[in-house]
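In structure tokens below, several structures.
Note that subunit A is present in both complexes that follow, paired respectively with subunit B and with subunit C.
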Partner chain A sequence: MKHALHKMNPSVKFLAITVCMFTMAFFFDPWTPFVFWIAVLVLQVFLSQINWKKWLLFMLPFFVTAFGYFWTTLVFAEEQSGPVVWSIWNMHITEVQLNHALSLSFRVLAFSSLSLLFAFTTNPVTFILSLMQQLKLSPKIAYGVMVGYQFLPVLKDEFVQIQQAHRLRGAAQEKNALQRLLGIRRILIPMLAGAVRKAERAAFAMEARGFTGERRSSYFQVISIGKVDVVLVVLFLIVLVLSCTNGLWLS
Partner chain B sequence: MLKSWKLKEIVLMSLFSVVFGIVYLLFVHVGNIWSGFIGPIAYEWIFGIWFIVSIICMYIIRKPGAAVVSETIAAAIEVLLGNAVGPRLILSGLVQGLGAEAVFAATRYKRFDLWVLMLAGVGSSVFSFVYGYFLGGFSVYSTGYVALMLGIRIASGAMIAGVGGKAVADGLLATGSLRGYAISRSKKGEARA
Partner chain C sequence: MHKIIQFEQVSFRYPDEEKWILEDLSLTVLRGERVVINGPSGCGKTTLLYLCNRLYPDNCDGVLNGSIKIFGKDSSSFIPGEINHRISTVFQDPDSQFCMQTVEEELAFTLENLHVRREEMEKRISEVLTLTDLSEFRHSVIQKLSGGQKQRIATACALIMQPEVLLLDEPLSHLDPYTAKKYVEWLDELQQKRSMTIVAIEHRLDLWGDFFDRSISLKENKEPPPFDKRKSSKQDDVSLVVNKVSAKSFLQETTFSLNRGEIAVLAGPNGSGKSTLLKALCQLIPSSGSVEPKLLGYVPQSPEFLFLTKSVQDEVGFGGGINVDEMMTRLQLFPIADAHPFAVSHGQKRRVAIAAMLSDGREVILMDEPTSGQDAAALAELFQLIDERACEGTTFLIVTHDMEFAYCLADSVLLMRDGCLTGKFEAGAMWSDEQLLLDHHLLPPKEVMHREACFA
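Right, the complex of A and B next:
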């Protein structure tokens, strides 16, 4: 039970989450995204084992973003009809405005919880393998992406190295944002040049070992779709339907 | 479409995406917290940085699909790196790539001068804005505010992705590491050390 979301097929999870998000985009009342957000949290509590401290840390910026959406919607709303519910100085906030603002903020929270649900329960490599096996992604792209993923630590080290080399030669670090934006070129070009060479070497090595990019009939690591996936997709759909029809059972 | 692609070109796009994935982290430090308080408009002025991969890759590789494939790979890599925005990033990457691709397709993949690259940045801006308009629910904002957001994003797409992308790729070309790619072949007439 506690591992259901971890065991779910990544492609199926990806599709289920995408369907949920696009459905949510049609609603502008505060309750639908709110109910959906709570339901996603409930799913995550009962069907996965994650580090909640880490989850909260990732979620914090989204609370700030949700707040940004909240006041932006209040100030720059298109529709200003309906009874006034709240007045600060000479700004009058109507019910419609407040509802829209709450709806968009909850939407941000619902989307981020969905994303974190995916990020915290999915192994990146399994996700790519599943995209190749279930969603017919070209093996050329799939393995190409995985090569890039494997190079991440190497490139990170290189990034630090280049920065240190600049410092060693007395290049000052820029203080303001615009200078930093322009100064990034000094780090970017050596890194990209290194990336070009690494890419060529990796591609030659793969081809030398017989990688053609043709689709295979069998895989070493098979990612399959099982009963868990069916049950979880049904659960996601129930959550979606429940939150979309909240008007029927909440009032 | 993928038949004509060499493996090294695909791996190149993937490694570029990793490099830019690291660069994006820097930008998060530049303006994450204040952006939250300012609301959805805060990210608009640096939005172009997210389109830059597709423009650089198309400028270097010059094959149909280079913009859309590279941008999607970049998004997928960001998801793999543990970006909290999660799987929906892949869809937005696809949409942004399609915007740039549409512009290159309109020139039949023959012109790669500064104007076309800037237009490609604008294409990405417009496509991604339409997508964001729908998913972010921008329709509740007043028309003036939405127009302002779109305007800033288009300017950012043209300047950061178009002009910046060309500058980075030209700088890279000057290092001589791109000898095996289409970008070097087009300049055969010129003597290069």
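Right, the complex of A and C next:
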């Protein structure tokens, strides 16, 4: 049970989540995204094993954004009709305003936690393999992405090395954030030069191993669709229907 | 005998260059032969190899004249990928020839390319792992393995295709001498088991022993400018004092000192902490202990990592040194003063880096693997560069795997193993202490071996 979301076929999960997001985009009341958000969290609590501390850390910017939406919509709303529900100083907040604000911020939370659910329960390599096997992604693109993924740690090492070499030269860390951003250019140029060389070598190595980019006739690591996927898709749909029809059972 | 690779009057050049890289080249490789192709850097060795496995001319739109026959058929008549099933290649750089995470996935990737049926894959993977003695690494993450292990994995990936020909592109250049020798022995055994044809390119044949049947030289073999054992320029006053330097988790407490004008070589197995020690000495990574003087010069394996400006002149003067012009003259940099430091040759980049360090007032220079992948001419240039500076009173600490180079250059040798400095040895008697060298994955230089043989 605790592994269900991790075991789910990544392509199926991807499609299910896309459908949910697309549907959510058509609801403008505050309750639908709210109920949906809570439901996503419940799913995540019961069907996955993730590091909640890390989750909170990743959610933090989204909480800030959500609050930002909430506040700006309240203060700068155009439509100010409807009964006033809340007054602070000389600001009068109407029901319509409040609903808009809540709707926007819950939507941010719902979308971000849904994305994080995907990110935290999916292995990138399995995702690519599954895209290739279920959704017929071209092997050229799939393996290209995969090689890029293998290079990330190498590039990170190189970045640190260049940074260290520059520090030795006495290129002082700029205080000003903008200047520091411009300073990164000096690190990126040698890195890009190296990356181009590495990319060419990797491409040659792949070709020398007989990779031509054509479809493969069989896979060593088969990513299949099973019962778990059917059950989870049904579960996602139930959650979606429940939150879309909240008007019927909440009032 | 069967002719496998046949070049007849082959000329090749890149589309945007006038100069022919290969000109009127004819050669034949027979089945079961072990052939080495040698020649200095830039003479077209790698190009030749890429013509054999048909990465060229298609991938670079190069211009090709003459005929190349592979397995008796014109090479352009093969469909893409077909030739790569029969001729497989191991490349030079162990870091950029893999595209999957684990060894098993990497091997499976090769089999998928060959359209092997899934039921057969398992069998072939275990087979090749047993053959190459790599079964223990089956589920290892490739990027976490050492250079030598990666090179063996790359070879296993080439062998799983059951090729008729194995091409090797300087496979030893990133390995320490002992690991390199082990690799050669291992390859020797494999070749006998599989009776493949092996074509390798290599500019240093010392480590291969009598592995090859035949060698083909691409440029008429100009005797490489030899460097003799240099006279020590070590002076009496101390210029570098390292006291109890250690870095977290790996580098043990290290204490040693170097004199002015001394050239010391730091050697040891792959992954023994040599680079870490250099970085700790320049305070690039957090470390405890004390280093005197505070300002040390450091030249990484890729000298361009150091460059911050747009011209060689600015680069040398970046630290605000006063004697920039003098440095430029001494290191013969005036001819390239206005060039972009990224655009000059590798040897020149290193020259610029050293000039910049010296004009910053850094009188002790630490160099990380300056010899790896360098041909004889480049080594001679490097030797001269270091020798001249040392005579002027600069102190050097150089990490290298090249024992011939170390033997000719070093006044003293620092040996390292498992993050711990074993000791500082005066060059001389230590070169014939085979046990000591073997413990540090090193081999005695040829000259010493030769002398030993005469005495025996």
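Going forward, the second predicted complex is superposed on the first by the 250 of 251 C-alpha atoms of A that agree within 3 Å, B and C clash if a C-alpha of one lies under 4 Å from a C-alpha of the other, contacts with A are read in each partner's own complex, and residues count from 1 in each chain.
Here is the rule we use: contacts are C-beta pairs under 8 Å (C-beta built on N, C-alpha and C of every residue); 3 or more make two chains touch, one makes a residue touch a chain.
Just so you know, these numbers come straight off a predicted model, no measurement behind them.
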| item | value |
| --- | --- |
| Which of subunit B and subunit C A:Lys7 touches, first, second, both or neither | neither |
| Dominant toucher of subunit A (residue count), subunit B or subunit C | B |
| Touching partner for A:Arg107 - first (subunit B), second (subunit C), both, neither | first |
| Which of subunit B and subunit C A:Val147 touches, first, second, both or neither | both |
| Touched partner set for A:Arg167, first subunit B, second subunit C, both or neither | second |
| First (subunit B), second (subunit C), both or neither touched by A:Gly68 | first |
| Which of subunit B and subunit C A:Ala193 touches, first, second, both or neither | both |
| Partner chain in contact with A:Phe204 - subunit B first, subunit C second, else both or neither | both |
| Subunit A positions touched by subunit B in one structure and by subunit C in the second | 147, 151, 189, 193, 198, 202, 204, 206-207, 211 |
| Complex contacts: residues of subunit B adjacent to subunit A | 2, 5-8, 10-19, 21-23, 26, 30-33, 35-42, 46, 69, 73, 76-77, 79-88, 90-91, 134-137, 139-143, 145, 167-168, 171-172, 175, 177-178, 180 |
| In the complex with subunit C, residue positions of subunit A that touch it | 125, 143, 146-147, 150-151, 153-154, 161-162, 164-171, 186, 189-190, 193-194, 198, 201-202, 204-212, 214, 216-222 |
| Residue numbers on subunit C that touch subunit A, as the complex places them | 50, 53, 55, 59, 80-81, 84-85, 88-89, 91, 93, 95-101, 105, 108-118, 121, 142-143, 157-158, 161, 279, 282, 284-285, 298, 300, 302, 304-308, 318-319, 342, 356, 360 |
| Subunit B partner contacts - residues on subunit A that touch it in the complex | 14, 17-18, 21-22, 25, 28, 58, 61-62, 64-65, 67-69, 71-73, 76-79, 100, 103-104, 107, 111-112, 114-116, 118-119, 124, 127-128, 138, 140-141, 144-145, 147-149, 151-152, 155-156, 159, 177, 180-181, 184-185, 188-189, 191-193, 195-200, 202-204, 206-207, 211, 213 |
